[in-house]
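The structures come next, written out as structure tokens.
Both complexes shown next keep subunit A, but they swap its partner, so subunit B is in the first and subunit C is in the second.
== the complex of A and B ==
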């Protein structure tokens, strides 16, 4: 009866189901559970971290917190004998100015590299370039900070004739170079995702190589490229060590790129270690943590939605 | 990092000694000593040297900051707490409530020197001038405001270098220079460590900073300080010891009650010439003039 072999097999399997619970079956089940745990672990951790930092900062948010002072006062004086002031406006301005400048540095670099890798080179050269870009991402941030402190600082003083080289410019360049590799990778993926038939069609119309890229590939990949930029912004907001070392760590709303500033993350890093656990200062630092978490979460979510948007099309 | 490493090596060594002697000799005493990071290097040097004085006593030294040490004293987990500031009234109350009556021992002095770039022509600065430079709403923002012309300093703008706002050094400098009723100005460069202050001032012609005398480098200059029209006092171990230098703070050790037994012997040894020479050797001022080899 050769009519339905598939059905027959199913019957055989279901009849002998219990007999198949041998070692392999248990291994299969075990691995499934392990993979499932691994899969949800990221969600568990992120929720855990969010609950932890909110819990630590909650006392401050409920008691001493003044929304207006926190967001709109540039005065951060948590250990004042006169009156403790917890205003993060200057810190937000510091983080924003450094990140903004970093993007001005990183966008041309990463976009250029991505276009070159995706459109101009093939084979070995391409692989070498990709590996090199990824290597750049592996440099620890403290090393970047050290470069900012000991190489960029004297260089900026010499070149621009300014009193001190630890400023927005220094940190912006350092942070731009740090963010460029990840932006390059994402941007290159976005360019690769543009179907070849677009390019072929454009070439068939007589477009030059540059015209193909400029008129067809870049517009088609624009969501992915925007996503790459937003991920770079997220990286800039969250970066701590290099910013702590290169900005000059000075509470200041910058009016030029040669002003020293202080970043939100650097403030937490510099002050948390010696703060009495549970004090308003400690809780205020955790409230900054919550603030940063929410901002980077929004940026990454937007980036993700934008990138997802092009995949669906 | 290195400090932590040293501490852990010391603790490990102490543990090793203890296990080795665990069988027969039970007389070994452990003195727990914790607190100020300013004092931690000196405290370790004392602990090491004391091994050779009394082999039956092991002093376990941990850093973590003055507040940490005082908290441990209140909780009764240390024999001696190191502090670079005096205990606050609230902390003393807490300690008494927990049954520990803190007794203060001044074991040395730390002079806070005002650091200037090697090219800065300033010789002396008064406390009032420092308040004008560091204080909130201070008038002095350029070197020309106090009649100086610093070579290599663009616009003569003063680059004010300070410390992170929860360091003991920051609080002490604020108290002496600005008094209890004034804050530091915003926009100071807040360095995260005594050595970082010296390093930045060394590289920046416009800069002024403050840091422990122990962190003096060859390429910076120390201002001598005028206090209320007095003569100009150079920061030095001698002027810190005799109390004439105005920005010198006592380095303290706290015990629970008047010390007895091995702890008393250890503190007595710290106050002896041998102990005081060690603190001088580390760049801090001894409590009195001592002659060291």
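== the complex of A and C ==
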């Protein structure tokens, strides 16, 4: 027998082990690939959707499309016997007026709620409030539309003595209430992200609770708060069902909050089902889709960059 | 410099004998403090004199920071803090029922362990306390430049930041941030400055600079400073308070404490047998 069995064992190990791949190695590889696919899928889907709607609207953009008419004509008459007109100005005005009013409603509500949750309550109350706000965000938009149609409509007619209650005011309030929860949630995160030592420093100098909030916390969180508002705006632009139900859906450049309007999104939702696939009308609706996509993309990107900006600081 | 020998060599200092007869800045009577069920301070009775630097030393968890933070009632930010006994600052009971918390905190400035300038400009940091404590009618913009310059000069920071007063204070080095945190207390003319390990986040050079500054402020303000660093207590304080497990063990002149302490616990701690 050789005198050195230990040495022999090491030799055997070193001969066989270096390129040995066991099951764990394959699992690791597999998981890496899966996670990678998951990670890029969002980008792939976004690109896919963008390509799809652009392709569907492309015929229109290339052939009948008049940039000036599309953007600056207030007449949207896609089914006219004499001459089809595809002007989205009135629709843009509808969407913008409703979103604008919605922000007027949502900003005070959401900032107030966020400040209250982040700065005035803690412990259990805070948790309950947060859960409640998140529950509000989960209310389906058709339910909000239903509220607009069956509660707000008669209420507005009654209170303001106007013939129609389905108008900018109605949709603006409904949309504002819809956007407020998500804005609250993000604004509250922004306020909570302000380090406590800033509050402590200000309090130690004898600042009142309100001075701490107004002079220290809000300025420090302003980017996050702006991001919250922009996300609310993005939400407003993209919202369809509640707006369709509460605006009155009539093409109109509004001159007061009691005018009925029609939103870009609602137009697509209401008309797409009735058009022949590939017709100019169909393609025009997709062009509106592209337009909406670009706008919401820009808004969300800005919001994201702003929020990212605070993290860097 | 504040090295041992040079302190004594300062002309006309004689601070220990003067300090003995000086009036009291902070007086605590039977001070007990609980965090919920946990008692952090036991019958603390102290007379901390005016116009000198008093160091609070002791091992971690001995209650020195708790004591410091109860002097401007910043402790009350934490839920479940309960206090009995009294703390008098400049002969007024700051826990009395008619006392305005905001006035207490105005007159008792605090410097924290980690420099915490507000995320606003250097200038606005210096003016923060001044603006919130000056009534709107008497708030004059013309005064502000002078106030900023004076405060920053006092903390030996003026020359370094005078061209960047509108830059964000959070971009400064830690040493400058800590100096700024001291500077912003001065415009409201506090009586007492509380410092919670003001140099522990700084490098040796920053530590030296801030210690030097604290020594400069001595005399104008009564300073109570918590420190973990015994060498710092020794070179930069007039009197020393040694605490252990929430109790005051010894309060005496710094020179005496580090040479001939009265109590064996003090001697053991100073010689590094525990803590």
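Here is the rule we use: the second predicted complex is superposed on the first by the 293 of 313 C-alpha atoms of A that agree within 3 Å, B and C clash if a C-alpha of one lies under 4 Å from a C-alpha of the other, contacts with A are read in each partner's own complex, and residues count from 1 in each chain.
Methods note: contacts are C-beta pairs under 8 Å (C-beta built on N, C-alpha and C of every residue); 3 or more make two chains touch, one makes a residue touch a chain.
Just so it is clear, the structure is predicted and the values come from calculations on it, not from any experiment.
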By the touch definition at the top of the document, which applies to A:215: first (subunit B), second (subunit C), both, or neither? second
Tell me which touches more residues of subunit A here: subunit C or subunit B. B
Considering only touches as defined above, state whether A:262 meets subunit B (first), subunit C (second), both or neither. first
Partner chain(s) touched by A:111 [first = subunit B, second = subunit C, both, neither]: neither
For A:205, select first, second, both or neither according to whether it touches subunit B, subunit C, the two together, or no partner. second
Considering only touches as defined above, state whether A:252 meets subunit B (first), subunit C (second), both or neither. first
Within their complex, subunit C touches subunit A through residues 72, 74, 77, 101-106, 109-110, 112, 114, 116-120, 128-129, 132-133, 170, 181, 184-185, 188
Taking the touch rule as given, give the residues of subunit A at its contact with subunit C in the complex, in rising order. 197-198, 200-208, 211, 215-216, 219-220, 313
Listed in rising order, subunit B residues that touch subunit A in their complex are 65, 67, 71, 153-155, 157, 159, 164-167, 170-171, 174-175, 180-184, 186-192, 200, 203-207
Partner subunit B, residues of subunit A touching it in the complex: 74-82, 90, 153-154, 157, 161-164, 166, 244, 248-252, 260, 262, 270-271, 274-276, 281
